[in-house]
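Structure, as structure tokens:
Naming follows writing order (A, B, C, D, E and F), and every chain is counted from residue 1.
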């Protein structure tokens, strides 16, 4: 038992070292975007959800936005639904949209809620269609054709026009963890598939969030994508467009980077692109001095 | 214009005739169960949802519980998932359960929420897993074997143990229309498929509802299933077991009838089995003297 | 019974057609001024009060301001109290004022409250003296004498200086229908008789009302008072002074027209002069496309 | 100035002597019934109303119930309306009732509200018909005929069945002084004239009042009506029926005495019959050791 | 008894004469600074505390700030702790500070709370360190040296930087009388001794107080300190610096005068330097026309 | 940096292991009694206060009750105040009581509040005299004289009669940490010195606390006081009197043990006598499976 006690002393010691951080975040709103490949490993997923529950219990108003990724692809194949890509964006007809909705809302969202509740949290699953809170407009793919750029119709893909924070704030006031699927509405019955990073960014801005965490399956933003030691640990939002221009930022990272810039512009204090494969990477960011990944700040 | 005015006079006159009924229901809670075949016709569906929005706007705390039916069957086939039936209950393995959840929560629930919002209401979609509000235990099929009755495992089919009304009441207080998919949890990560009639009955009881409306695609309870003039327009809950015993009530109606009996026992003032194919059958029940279908009362 | 059901189908159908209107007015404040000759017919009066109760029940914050008219005249005669008129305004000495107060507050107001309660509403009767909410100053008659205009003292006739909306808003928050007699105070024990149209206009402005309905016993504003087909169905407030100047508007209508102009200036969105003799004329205005009478708008 | 200061010292000294009494009554509900002959003298009336305002300001939840008396008689004569008396109760037909309502609600109640507001209080005038708060049933006169007692119909005279305290408590919570005219309703449009003493008693009971003050124009209850030194300064409710039986209590005092007994039975802690002709008799009762009049207690 | 009644009549009469004043102060915040020599006489102290309780009971949000004075001196001597004075300010090392804290918070504050509770009030004792509500910075003595002015370190003497009114307002909302010892914090564990007059001035400003009363043991501000008839009964804040410049104001009065000027600048409506030796001098100021002492006003 | 990251991984890992415990205690009330010798070491004191702040931040309603001990002794000596002991209890005359009050409230309480605020908490210092919340009666020493037991007057030593939880609950609702000195009142100006263990026990009971922690400077309850391996780690309250009877529990521990028994009887779920010399012993109890010290339970 002496050994256990020693271990527990260390544990208590570590716990108390978190005190200044706990005080720092108490009562603040933090939005976590989590999904896609980062969500596949069950063990890591449980670690992330435990972090979120802990945040909620120590008084952080915590919102989880999730994506879909592989499960959508899997079901489209099983249902034999085909869809093209234009400029990296999936052309989303009604059959695709229905599949996306079923997978995101009926499978991933519900599983996530269920997991959080199982682990002792109190989650409620929502989509942006609930309370018509996420209003969208149609988004077009931009295809370069020589000097011109054509707008190409890619179906029910949306960009967020506005997010009504009433419903989410009511739930945060009641101590629930809202879990949000990135599906929006045009307020007239139309449904839109929204990129989860963009959605999280808009939600964070609408809630006046202190932090937005984008969990990925990479280390963060790398100057050289092949060199993990080239991680940018901190960057100003205003410096990021240059990275895109200089092709330092690769394709999949672009929505994340654009979300960062937008979120910072909309008043979110800090955005963190962090490596969801590192266990408890959120806790590391919030409760220790050593963050993991790339922090984007205003100045 | 004179003619329009005349028509409008009649309309206003009819509106004012609803006054005593509006007064009667103001501030009361009413649960509507709607689904399956009754939900297929788009025009009728819109009529039902308009009724529900109107109820909400005139101050009735209105909750919608929906089922699934044909869409579940369709997707099971498309996904090539097979499932047996035991004593009329579908054996629900994990693959079936995932399909049921995707269809109920990701498709039907979201579409219903979207429709209500499009028609001017303010709906929020939930399942019984949200906030872990609908706690279930495993339900077994009962198979008679001579004198004995065997309990047969049919997988993830649940019966409701308890329903926590906190989340729904918060939403009703904020004037939302909660739309609930009948999927439950065992509080330990397990998911259960619940018969929508039974779920609606439990929800109505937990909310202390004044009325439970079960919308069906038949006229109500018929003494002779082949004779529409044999409709029982009013019956006491205590008389209903006899109908089952005497085989007057056919198979599909049994869950409805058992729900009625249970809901009345649990304190719901009145349960109505009404014909969802009749336009505005809910309004007819609530706002005129001529009800349609079968009313089940305590005494 | 089949026939009744058919009639009820029509009724429910009509009810549901009101849905967009119900949604439109829910939570808004509407002030109705009703009185004088328009209030004499018992059947019409009941129709008006039923409209008001219905408005209240479907979530409209409804305030009723009433006048007096014939009953005041009757009691002045029975009590043998004489009073002159100056420029159309009754010279109001203490004896006249006491009679006016007794008839308005003790008879008409109480009868109206009683009727509303009998018909199922929840009304509370008040005068502008309660909570000293309607502060007035003395009003003088203006008598032309050649080029000059003399101010002539006509006793306890008041014009509203300010209206404190606290008491009324408390009652609306508690779902009561406030019924207000147009009698004011100078805050120093003095009592003032106020024209009910002017009072209603000030109350509507103080409450930030969406609509003010002035129920009259004529069709609305007629271009030719002898031709009912000359009804002006819609007019801008800014165009109304011209009607007065051109003597198109007759004497009794002037306070109404001036109230309209003032109310629009003070921020009321729309004022309707409607024919109280038409059954359910308020409902026709609010819940159908065919209004009756004259609507005055800002632009 | 030295002299003024001395006088003010005495004043401040007296004020501070009230401290234990102020503390005693803070937050309690006290109902004052005041009216009839006790209300005639303007100077005394102002003194009573100032007492009531002071009570309100120092945190006593103060309700004023008034009667009518001479003014009703005066108007019945002026309007040439005749009415018989049966066993001391006025036969109240519709014409009488209308006059009573106009005088009580339209004259006395409004004047009292106005006076309180002029003196710096915040009063709201109500009758028992407002919010249908005072529900009555018909009261019959009891005429002895030899051994039998006949019930004789005396028209619209009521006795209070129940009093809904919601409206009054809302107003007390908002720091208003409710001023109540003793007119009731049968909830079906019928109006009833109620004895003000009985009404005050019922209101005090419904509000859980700590004290009920019945202001009269006599010294209190006298053992010998001709000997002012025979004042009963304190008596138990249970001893009072004997006084009636022994004819010690004269006719006009009977409603007061019966009100006392009923109020004590209904939970009011103490009832005081006090001499409204003594200036500030209420303050003397509440804020000094020397009460005036007769105190009725439970034990 | 007749005589008592007469005396009580006078008392009630005096009480009612306070009505306009009670109305005037109801709901306002008043800060009273009381201490030092003015606090020595037990009888006067009880009179002051009774005034404060009465203020609280009649709805004045009343805050008491106290000083220390003789008791601090006494304990420093008993504990044999020496301290120099620089320019009239005590050099406050840790030993002195600990003694000051023990005497102010542990003795005077607790005794005052206890006395108020004994006399029927509801007091809570606090220092500026509670909730870290009174933030201070170090104050230096200014010593003239020819033309130069040196800042001399006098230890733990503070001046108030800011006062967080949350805790006090919570207590006033709950009807407590906060009793505050003038000890502050630098938010980093440091403790500061603050002049009670300055502290009271800052607290009054932070609470948006209507009045600040500084109770002293002199008549007020005298033009000639030897002539009690030279009392300045009213003066504008802007005229006061002249009094200091002309040496009309003596040393001990300077903090009071500077507090007055600062409080008026910070928005307190009126500051009164009053003679705490006069019984009920606060009541005389608040509830009669004859104030005692010097009133400082804005204009 | 890699090493730091590893260390932080371990820290985050430990933090997340606390999740079930955080969930377990969230929203519960816990009273900590801390004082005397356990409070001397500054480093340990800071560790204890950090534990308390952390408890507060993660949603535990945390109350700190402190004692005095050595500092009281020191000041009594410095002030040359003598006091006898009777049966182990200090005879407390007025001079002693004043010193106790000054040291407890003016020194220890204020220092503790200041420390908590410095470390990032939000504390408010109170004694049982504030709001007169801790009502006491005189306690007598019991001196055996042969067969008889004499009650001996030991002055201002009190035992708690009742504790009014209003003020503390208000502060807990506002997220403050109340720090309470164990000094009581008789409600009539009298002051009482109360044993801090007894006070903490009464406060825990009055607040319906889930846990009471008594921090000592020993290991807990030892079967053999000389053998630290004889620690009783868990015991039922009902078994404790036996330990006293058998003289296993030594004198200083008796108040603690009696407090335990009383607190359990009064409904506190568990009482822990823990070793304040072990760093973060509270966290070890609450957030790990390995408690330190002796836990007293009901059954």
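Methods note: contacts are C-beta pairs under 8 Å (C-beta built on N, C-alpha and C of every residue); 3 or more make two chains touch, one makes a residue touch a chain.
Given the structure is predicted, the values throughout are model-derived calculations rather than measurements.
Colleague: Hop distance check: chain B to chain E, minimum number of steps through touching chains?
Modeller: When the steps are counted carefully, the minimum from chain B to chain E is 3.
Colleague: Averaged over CA atoms, how far is the centre of chain A from the centre of chain B? Could you give it in whole Å?
Modeller: 36
Colleague: Quick one: chain A and chain F, Cα centre-to-centre, how many Å?
Modeller: 46
Colleague: Between chain C and chain F, what is the gap in Å from one C-alpha centre to the other?
Modeller: Computed value for the inter-centroid distance: 69 Å.
Colleague: Distance between chain C and chain E based on Cα centroids, please, to the nearest Å.
Modeller: 56
Colleague: Among the residues of chain E, which ones contact at least 2 other chains?
Modeller: Chain E, residues with two or more chain partners: not present.
Colleague: Reading round the ring, first chain E, next chain F, what is the order of all the chains?
Modeller: E, F, A, B, C, D
Colleague: Can you list the residues on chain E that touch chain F in the complex?
Modeller: 78-80, 98, 101-107, 109-110, 113-115, 117-118, 122-127, 129-132, 166-167, 170, 174, 176, 183, 185, 187-189, 191
Colleague: Can you list the chain C residues touching chain B in their complex?
Modeller: 1, 4-5, 8-20, 22-23, 26, 47, 50-51, 53-54, 57-59, 119-120, 278-280, 283-284, 287-290, 292
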